[in-house]
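Both complexes below contain chain A, partnered by chain B and then by chain C.
And then the complex of A and B:
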């Protein structure tokens, strides 16, 4: 039988805005593997690393999609709260990972992400303090359209102002 | 029971427990090290001990002890002689019974 996998969707939250430049697949993968090694030891690290990759990464929103085997996704999920910093090019920034969704396929995670991002945009609109930002967000909300073939729109919103 | 091939300093009870916990930490991480393990008896002369652990943790403990190879840079090995859910059963080892 084909090995079934679980896809874990999480977001990187950091107080330091410079952390965003650190969000790349190798840095995140190493940080997660490191945390699994500390929490679950050699056995857990080997178990989770069998089919582990960072499938998707969005530095603007801090969204990360990880893939692992179905048998070891619990080890992975329980180790995610122990990721405390991201390191790349000898720069370290403190951060934490927020787990948003665990799904069996990339498609379910993508559907969830689209809905989640829509809700986030609406919340940002409510919390807007600046008229300018308000207009900016309203424009992007109105411009996002969902077509059947490509449901990519509405995923990316570049607004660090209200972080 | 632990076997040390050369006669070196024998570990005390506390060092023995520390060794068990560090074996668990290496193989199973912080989760393994947090597994409640009790040393019920310990004989320094024969280096044997009776350990108590939750039954769900037996696999982790046994695998960690099996894969532990070094104590203070000396080779060592753990041999598990008997496991049982009842403490009274450990007083006699049925493997050593001889049929007349």
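And then the complex of A and C:
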């Protein structure tokens, strides 16, 4: 039987907008592995790193999709609150990871992410200050959908610069 | 106050602002709580619904001596203004008093040092019956490794006695980045020895129950209920002979 996997969808939340620069595979992977090592020790680190990768990243929205084995996803999820900073190219920014969804396949996480982003866009729409931004967001909202091609569906929103 | 706007963006629907009173310092007076409408002119909306976030005020009393509890029993007007009252007992006797007699909503469990006393089953069961919840904090565990060990060992020893009931997990965050989302806090509950269902309840239903407990404490003084007693025919027959007996005796 193929090894069962779990996909954990999280969001990087930070006060400093420059933290977005640090959102890359190596930095996030290292931070998560570090947290697992601190909380669960060598055993936890060994269990979780069997099939562990960072599958998808979106630096504009701060979305991260992690993959791990089904047997060790609890070790991973319980260690995620302990991530306190992201470090890359000798720059360190404090942040935390907010778990959004745990799914068995990439497709379920994708569906959840589309719904979540749509809700976020709606909230942004409410806080819009000028008409141009409003129209841009409305256009993006109307065009969110789950298409058959796997590659594009993560980046529905274009306007997160308005935060 | 950008701190509170942060909370809201992570998915919580109610937040309590805590004011701590420590009786070891002299001259502690309970002041009126700051009204949330003064701090936030407009409250953001909960994600996914159209209601506004609730901001509650909360008072925590750190008691290390039985005389400190008198403040709770007195009818001081200022205490009644807080939505939630929590007590942080420092000795075994005070823990017993807090669980059995004091009129509070939450009993805080120490997570920053080794417990000076062991939990015993009778006061914990009484507290559960009275609707009092035990509170665990998670921010010290995130900040420091030694605190993490104390938090987990104290939490697990509490779980062994109370079997995971009546637990509330909250943060004592002083900075926005020390907060965690509700899903993550429920996962932390798993580390503390709760089952999945109990951990989720510790972040959702138990907190709502605490809020309700606070509201009823503020408003209700007592309950009177009337029950219609069904009158049975046999009872009437039995009473008649007694009357006859009384007459004959008189």
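Some points to look at:
Here is the rule we go by: the second predicted complex is superposed on the first by the 137 of 163 C-alpha atoms of A that agree within 3 Å, B and C clash if a C-alpha of one lies under 4 Å from a C-alpha of the other, contacts with A are read in each partner's own complex, and residues count from 1 in each chain.
To be clear about the criterion, a contact is a pair of C-beta atoms (placed from the backbone, for glycine too) under 8 Å apart; a residue touches a chain by one contact, two chains touch by 3 or more.
What you see is a predicted model; the values in this text were computed from it and never measured.
In the superposition on chain A, no contact is made by A:104 with either chain B or chain C.
In the superposed model, A:38 lies in contact with both chain B and chain C. Counting the residues of chain A that each partner touches, chain B and chain C differ, and the larger count belongs to C.
Within the superposed three-chain model, A:123 lies in touch with chain C and out of touch with chain B [touch as defined at top].
When the shared chain is aligned, no partner comes close enough to touch A:17: not chain B, not chain C. By the document's definition of touching, of the two partners only chain C reaches A:80; chain B does not. Applying the stated contact rule after C-alpha superposition, one finds that A:94 touches chain C and leaves chain B untouched.
With the contact threshold set out at the top, residues 38-39, 78 of chain A are in contact with chain B in one structure and with chain C in the other. Across the complex, chain B is touched by residues 36-44, 78 of chain A. Those residues of chain B that touch chain A in the shared complex are 24-32, 63. Those residues of chain C lying in contact with chain A across their complex are 6, 9-11, 45, 47-48, 138, 142, 145, 148, 176-177, 179-181, 183-185, 187-188, 190-191. Across the complex, chain C is touched by residues 13-15, 38-39, 74, 77-78, 80-82, 84, 94-100, 119, 123, 126 of chain A.
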